[in-house]
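Read the structure below first, then the notes.
Just so it is clear, A, B, C, D, E and F label the chains in written order, and each chain counts residues from 1 on its own.
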Amino acid sequence: MIWKKIKLWFHMLGSPPTFYRFGQVLAPWLWGAFAISAAIGLYQALYVVPSDYQQGDSMRILYIHVPAAWQALFGYTVMTVLAIIALIWRIRMTEIMAMACAPIGAALTLLCLATGSIWGKPMWGTWWVWDARLTSMLVLLFIYIGIMGLYAAYDDKRKGARVAAILVLAGAVNIPIIHFSVDWWNTLHQPATIRLMGESAMDASMLPPLLWMVLATKFFFGAALLDRSRNELLQQDRSKRWVEQQISGVPEQA
Amino acid sequence: MIPELTHAPYVWSSYGLFAVIFAWQFLQPMIKRSRLIDELKQAAEERRAAGSVQS
Amino acid sequence: MTALIEARRLEFHRYGEPVFKPLDLVLEPRQVVVLTGPNGVGKTTLLRLLAGILSPVAGTLAIHDSMTFVGHLPAVKGDLTCRENLAYEQALGEPGMTPAEALARVGLAGLGSRPGRALSAGQKRRLGMARLLVRNTAIWLMDEPYASLDDAGCARVDELLASQLARGGSVILATHQRHPALDPDQVRNVVLEYGSEQEFQQ
Amino acid sequence: MSKPVGNAPKALFQRDMKLAFRRLGESLLPLFFLFTVIVLIPLGVGPGPTLLARMAPGMVWVAALLASLLALEHLFRPDLDDGTLEQWFVGDSGVLGRVWARLASHWLITGLPVIVFSPLAAEMLHLPHHALGTLIISLIIGTPALSLIGGLAAALTLSTRGASVLLSILVFPLIVPLVIFATGAVSMQADGLDPTAHLGLLGAFTILAMTLAPFGISAALRMNLE
Amino acid sequence: MSKPVGNAPKALFQRDMKLAFRRLGESLLPLFFLFTVIVLIPLGVGPGPTLLARMAPGMVWVAALLASLLALEHLFRPDLDDGTLEQWFVGDSGVLGRVWARLASHWLITGLPVIVFSPLAAEMLHLPHHALGTLIISLIIGTPALSLIGGLAAALTLSTRGASVLLSILVFPLIVPLVIFATGAVSMQADGLDPTAHLGLLGAFTILAMTLAPFGISAALRMNLE
Amino acid sequence: MTALIEARRLEFHRYGEPVFKPLDLVLEPRQVVVLTGPNGVGKTTLLRLLAGILSPVAGTLAIHDSMTFVGHLPAVKGDLTCRENLAYEQALGEPGMTPAEALARVGLAGLGSRPGRALSAGQKRRLGMARLLVRNTAIWLMDEPYASLDDAGCARVDELLASQLARGGSVILATHQRHPALDPDQVRNVVLEYGSEQEFQQ
């Protein structure tokens, strides 16, 4: 049974010390991968791609805006999956990881909102309009914040994580709304133009840097997620023996 | 050789924000962990000093 | 005859610490279990575990029959009259006495149309007890039934306990100063102990 | 297992209603608020019918939302304090049923009045008559979701300290999409477009809430009683 | 008489503040309403600046009103339930002082934040800049009256006696003219008219409330303790 | 020496009926007055009259010194920690012990930073008692100080009473089952009687 395998794997990773060391090894690599892909992506975005004939160079914002937006949405999806596992199997690591997703996702959402409205000024002549896409994205930010707040409001962290997990599921409704908002309502915001595979309405020369940046944000998310989860783990297990051995035995970078 | 861009302030502020936010997301956990580990190390020291290593 | 409640190595944790020492508890029919122990040892916590309000952190718990729980708070609405409160309680499950009868049994005859908040401390406790009577459940869980009752009230509690035993029911109650005046071999005393060192013990 | 639990929700519902009438003053607050909003806005805007008409759906819906928000803090808190909430979980008495009962009474007190008085409001705000039907339908479909989602938020924050702030942080984002659908539908109708698509989305949203929220609520309540 | 009671109100005030912020900054609550309103209205209305501008004063005041109303239920009820209210009357410790302290904290938590953020709100709603001053003044003069009248109503609703419930239902509507004066003043200013008359009425209203409400409140409270 | 409290023919009415029989009460320094009587006879009502929360319907009442009242409800805020609750109480008047000392005296050492609502029933009662210690008042009014306390707790109550007498103060308390263990000629018992026929008496 496939589920059995998955659950088993989770439990294996679920042992705090294992996870801690796992993260300790993996995180630096992810950060490295992020640095490289981001470097390539940014270079191409700023120097290689020709400036747009009508938007001018302002369209270069796309290479920040869109990856941030997509990762913000994808990050929430990841968090949702983790939350479901946490609620069903009560695996502690998934509780912790789900909660660690929130701040990262919030940051990405913030970046999307900020770059978006910066882009909006030259394109639409205003920083902000209350159209569906923009609003629903703002809502996503609030959901992320709500999750963080709820988790923080409980002294007993496991309890807090499970309560917040319920909220995660509830908030998942918003993700499709964000994505399809441009189709459901006539918004200022442009409709989906980019097809990563197949015929894209976008000029081919503009695609590579976008792909690099999207890749970079993925690596970034993984790395940050590992880091934060490990911190939370340390925080919670501060009085456990394995932590004692960790910090006294293996010297910690940073 | 910074490229000459139209809408330069918009573009640069966006890329700047990207840099800031990502750096923040990288540094904050890092700093927090090092602080945490120092704390725990000290606590462990004290416990050893007290002679009772609790599990 | 089969047990009504079986608890094995029951535990509940707060702030990561066990509240009371792991507990084995078996409640047979026609039996009163009296929980004692210092303030804050976990009597209320245990009763809420047995009632199903809390779920055990460790150990097994099996409940084999219906129960009513009367906690420190009488769980009555101050805005409703005594009668209304009992009528609500009665509608929850298999009905027992009528509210009027129950009120008389606990010595609140004539106060049926008083709003709950207009009762004295002891009268509130009595109203809480009356909740046991309007329902027909095999297990009673009572948290300090004697608290702030006068002697007559305490005697009534003992009556109620006796009648519950007589009709084949059982009771688990927590108490401090006064203990039920019942035939000793129907009563079992259980003393709880702190699960972890408490600073105020030194 | 001798206890028939079937009628527990009914009993709870009846008791809640009785209590609501005992506390008439507090029960009327939402309605009072609705009126203030509807009286107030035209005053601010001045009697430009077209302007008012465009605002009407938004106003009514904001009133509905805030009315239901007003009552949220008291959805479970008093029961937590007087010990009646923990009674919900005693034995194997169905908690879901009681959650439904409580939500129903909340809706009756906050949602229904808004629906009943919405024609009046629409009239005062010069909403085109052909749009009134859509407004009412959107309210009928939508307000239950307000109660469901609000209830969820209330349950999630029940025993936390920052209850009220947290509550609004949680409710706000979950509710906004709902209001977008609803007001969107009404304005479209007002502009002579076909609102069914929006109403469909609204309905989907509510059904989703109905299927998920109650479980979330009862889970959250139990976690908060620990 | 060895007890210096002078500092009891101060102590109460400080404790209330601590409680407010212990509850994760209940002070944020009104901001969320302000925000909710400011976000939702344009959604319902569509982002037409002129339209928004006309509604701005009403919106801000609705937010203030709602914040104030929502906190009302927590003004005395919790103290009644946990027995701290009756302590106000023990010995000859000044009750009026504590009533004032409680009202002050209520205002600080509900009124002040709205005032502080009203410029932001005005900006988002495109209120003409020359009207902003009047808006703020109207808030500064008016919000204390909200707390006072609301406090009276809350004190009256405490008891379930039909009479006082009725009274509270009578008291609430007093708030409506208040809000009408206030928004009226702002819109007049926005339209280039002279708002002083309205502001004057507003001030008179507030002063009246200040002189009467506290006595009414402490009387009502004592009545409820019997 | 002069009396701290003098009450003559004191009456309070509810629903048009006198709650208890007209009462004469004089409290001298270094004296403990113990109020007893059946549930609902009016002990709490009397204490609240003396405290000034209620005003007498008939008779005269003279209070000659400062007082603290600990009722059935401990009058502490669940959201505030024990320490914060006591700090507030202390700021109300002439200060007595520090909160920390008071907590130790009532056996709550180490729970100072617990929020009030996270206390057990007995611990709440103890916190209520601590309120008496952080203030320096000549008269203590205590409503059922022994309720839901364990034996150690009850002993502490007696200690507190003794210390209050020792420093020249006085106490009026209502109780049911347990009476203060003090030198008898410092204690005066007052038994209240129903002011009107109660239906539940028959």
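Here, contacts are C-beta pairs under 8 Å (C-beta built on N, C-alpha and C of every residue); 3 or more make two chains touch, one makes a residue touch a chain.
Just so we're clear, the structure is a prediction, and the values are computed from it rather than from any experiment.
K.L.:
Based on which chains touch which, give the shortest step count from chain B to chain D.
P.N.:
Counted as steps through touching chains, the separation is 2.
K.L.:
Could you say which chain's mean Cα position falls nearest to the mean Cα position of the entire protein shown?
P.N.:
Taking the mean of C-alpha atoms per chain, the most central one is D.
K.L.:
Compute the rotation angle for the C-alpha superposition of chain D onto chain E, expressed as a multiple of 5 degrees.
P.N.:
To map chain D onto chain E, rotate by about 175 degrees.
K.L.:
Tell me, please, which chain's centre (mean of its C-alpha atoms) is farthest from the centre of chain F?
P.N.:
That would be chain A.
K.L.:
Looking at contacts between chains, which pair has the highest count of C-beta pairs?
P.N.:
The chain pair with the largest number of C-beta contacts is D-E.
K.L.:
So the centre of each chain is just the mean of its C-alpha atoms; given that, what is the distance between chain D and chain E in Å?
P.N.:
Those two chain centres are 24 Å apart.
K.L.:
How many angstrom between the C-alpha centroids of chain D and chain C?
P.N.:
Centre-to-centre distance between chain C and chain D: 37 Å.
K.L.:
Taking the mean of the C-alpha atoms as each chain's centre, how many Å separate chain C from chain E?
P.N.:
44
K.L.:
Measuring from the mean C-alpha position of chain C to the mean C-alpha position of chain F, what distance in angstrom results?
P.N.:
That gives a centre separation of 27 Å.
K.L.:
What residues in chain D touch two or more of the other chains?
P.N.:
As it turns out, chain D has residues touching two or more other chains at 22-23, 160-162, 166, 169, 172, 176, 180, 226.
K.L.:
Please output the residue numbers of chain B that touch at least 2 other chains, ranges allowed.
P.N.:
Nothing qualifies.
K.L.:
Can you tell me which residues of chain F touch two or more of the remaining chains?
P.N.:
Counting only residues that touch two or more other chains, chain F contributes 72, 79.
K.L.:
Which part of chain F faces chain E closely enough to touch in the complex?
P.N.:
It comes out as residues 14, 48, 51-54, 63, 65-69, 71-80, 84, 88, 91-94, 137-138.
K.L.:
Would you tell me which residues of chain F are touching chain C in their complex?
P.N.:
Per the stated touch rule, the residues are 37-40, 44, 72, 107-111, 119-123, 126, 143-144, 146-154, 176-178, 198-200.
K.L.:
In the complex of these two chains, what residues of chain D are touching chain E?
P.N.:
Touching chain E: residues 22-26, 28-29, 32-33, 35-37, 39-41, 43-46, 48, 51, 54-55, 57-59, 61-62, 65-66, 69-70, 73-74, 81, 160-166, 168-169, 172, 176, 179-180, 183, 187 of chain D.
K.L.:
Of all residues in chain D, which touch chain A in the complex?
P.N.:
On the chain D side, the touching residues are 149, 152, 156-157, 160-162, 166, 169-170, 172-174, 176-177, 180, 184, 197, 201, 205, 208, 212-213, 216, 219-220, 223-224, 226.
K.L.:
Chain F touches which residues of chain E in the complex?
P.N.:
1-5, 7-8, 10-12, 14-15, 18-19, 22-23, 82-84, 86-87, 89-93, 225-226
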